[in-house]
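Below is a structure I'd like to ask you about.
Note that the chains are named A, B and C in the order they appear, and that numbering of residues resets to 1 at the start of each chain.
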């Protein structure tokens, strides 16, 4: 069976009424869960997992995939409208998305995101379909040393992701790293910095920190300052719901860059979707013609990351389908769903259960189309939410973020973390420290440490392991190149500035 | 114009830097005291935190050494914090929020949400003629909708509270 | 005045309600009258979730009430386990325990509410999940004996990936080291076990020790060769694998899954729960579920289960001492 035949076969499976219904229910529930600040794709899929046990395996997996795509998309809605990222992959979306919304372009931005997610998802599915067995070999090449290069290099490159001075980024980033060391560490299982609190043994989870830092802090600003709330657009005209020609034009290259980058990230283990969105934002800053506008409301800063995180999410199906090895928590849940149904994921899946393999691929197409169809008409509804008076709106969102935060681990402690993160976020906002580096530090810190130490275990203490493989060396060289290029660009800008000042004198 | 108090930004940042330096010290010291370093072939849990402590000290110092580059520095010279009635309102909402989730395991998600919604809507509304009955109805409607949609329909796990037998 | 009156009336109504509520003793006889919560101290996904859900599903049929599975992961499964042990002993909160959370963690972690098997009520042992030792398909070792022979000849040269230090697969390898005199190096790859398998596939380690369900796909595809299974008898899922029980180094540490309840369950509740559990573990549906998913059927009820866990306590102490001495 070649890919085209396979796809047709898959479509014939996915297009049965019951499977279409599964895809629809999944995409719809996913969007609803994603809009809830704190409940992201992982929680969404976990919630639906028991339900899929009673479905037929293909329908169950299709529904899980639908939830996954839906919640990825839903998370960016609140990021754009309210500066509250629904999950960690939409943190960077909030930076420019919220600025755009303040300028009255919320509708247009949501449309760009919906179409961008569609583009990223669909192109990535094509990639998965064509090259999955080939790409699976890439994943095998990555060991601790390579991951260390990727994560530690990533931290260096992404530390200044949201601009500002070096000190304004370094302090929050290190705080993020520090928070990441709390709890039981992964390698030898030692418990660190828990002050005897059993809740802290699990570590500080990402969800309440992200929702607190951004969302809660933003809500506090609203409570304190009514003029701030008055900035919101009073009414949104139909015309403003659609992007302008220029916006479309500017978005296309960003989508493509984001899709490509996201696909690469999806192939290797780790929090692929989140990292892909951060990396894409960084890339847009460097590669886009309007790079300098990013941070103050440029469509590229939203289009790239959103295409990237959907593409990464889809590409992470490669190791799942071709190796049967879960690289992401969501993939682990999908494997669990297969195992319960008596299906063995792995290299033989495509021959033993073609209906699952191709059905899942086809459902990714269908899911993406469905999401687009579901969400474009919803843009108007979402935007009109902004007109709810804020005495009603703020309590409502606080309740939503508590539901979202609590339910991830059934823990009131996490709600305390949300509150604390909110206060820190508020203070950092006031004092002009950057928030995004804190999230980067918290995500990457535990990964960096794990790979650093696992590499030494593997080499039995020989530090050369970090630079032995061509992949690791390649990653480090790329990091160096990005840093040097950034340095030169800044020098040039400073030089041009000085020239301009001189000529104006 | 809402009441506010203005503070100088550079001193506030220097204060934060000082706190960070203190944090780096305590954190590093605790690591040194309690965690194991292991051996080269069995690296222990202390190595990474020590590096983080050093980085924290470095970033704290870089904040402490900041100098303003004159009036065209993009960083503003001051920032404002709420005062008077606004400050009181902010603190009351925060307190209501804390009471809300601490009480949630006992009252259950739905009742606690409804009460919190009512309290915070009352606090935040500017309308002097706001009607508590209308706010209460709104609060109950929202709380029940959330419960039905998220907890019953989407199976989000929330505390049911001690009254769960009497609720639908 | 009027307000006061209303208040008084409310007080009377609530008193009346209390009087109507059934007394404790009768509640125990009629158990179960409402939903039962089954805590799983692990996150969804992985080997613990399916077996918990299967047991709960069958328990629902036996007891005719809903059994709600709630995942309460964290701190090496001690958070969820503690939640069960600390719960009201009314039969409405039960949960999953494992060899690790029940017998091993109390030795490693301070401040847990259980020190031994006497601190909670043993209900039933559901299954064992044995670890397997596999090497890449192109490796030079064709049999388990060849692998151990080389490990003895060149101490600390052969590396085996495990899913975390002191995980059950690590302990199995260390036990082999202890009994055979070989010195196989274990390399921890934490990340749900997937990375550990990946390290073997990528040739970064000489072999991998893990659980069959996660590796079955690679085994069937001929990418991994299973040398041994760490249990006493033949392994249904991979019949060619050599059981460690047939080698000179017999002692193994399978991961056992158990159902526990808080101490002090009323007698009628305990009896009913045990009877229902016995029917479940002996049902064909449960047995075929275990077989299909690579679990080994080894049912033990109540005190038999308690004895097994007490025996594990001693075994874990011995291997931990060996590890301390062998640093």
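Heads up, the rule we're going with is that a residue touches a chain if its C-beta (ideal position, glycine included) is under 8 Å from a C-beta of that chain, and two chains touch if they have at least 3 such contacts.
Worth saying up front: this structure is predicted, and the values here are computed from it rather than measured.
Averaging Cα coordinates per chain and for the whole protein, the chain whose average falls nearest the overall one is A. A count of C-beta contacts for the chain pairs A-C and A-B puts A-B on top. The distance from the centre of chain B to the centre of chain C, each centre being the mean of the chain's C-alpha atoms, comes to 37 Å.
Note on chain placement: the centre of chain A and the centre of chain C lie 33 Å apart, centres being C-alpha means. Look at where the CA atoms of chain A average out and do the same for chain B: the two points lie 22 Å apart.
Residue positions 50, 187-188, 410, 457, 460 of chain A each touch two or more of the other chains.
Multi-chain contact residues of chain C (touching two or more other chains): 70. Counting partners per residue, chain B has 157 as the residues that reach two or more other chains.
Partner chain A is touched in their complex by these residues of chain B: 2, 9, 12-13, 16-17, 20, 23, 27, 30-31, 34-36, 38-45, 47-49, 52, 55-56, 58-60, 62-63, 66, 75-76, 79, 81-82, 86-87, 89-90, 93-94, 97-98, 100-102, 104-105, 109, 113, 116-117, 120-121, 124-126, 138-139, 142-143, 146, 149-150, 154-159. By the touch criterion stated above, chain A contacts chain C in their complex at residues 46, 49-50, 53, 139-144, 184, 186-189, 191, 196, 198, 201-202, 269, 323-327, 329, 332-333, 335-336, 339-340, 342, 344-349, 409-410, 450, 454, 457-458, 460. Residue ranges on chain A touching chain B, taken from their complex, read 29, 32-33, 36, 39, 47, 50-51, 165-167, 170-171, 173-175, 177-178, 181, 185, 187-188, 190, 192-193, 220, 223-227, 390-392, 394-396, 398-400, 402-403, 406-407, 410, 412, 415-416, 419, 427, 430-433, 445, 448-449, 452-453, 456-457, 460-461, 463. By the touch criterion stated above, chain C contacts chain A in their complex at residues 43-46, 49-50, 53, 69-76, 78-79, 82, 108-109, 111, 156, 159, 164-166, 185, 187-192, 194-195, 197-199, 201-202, 204-205, 213-214, 216-218, 220-221, 223, 292-293.
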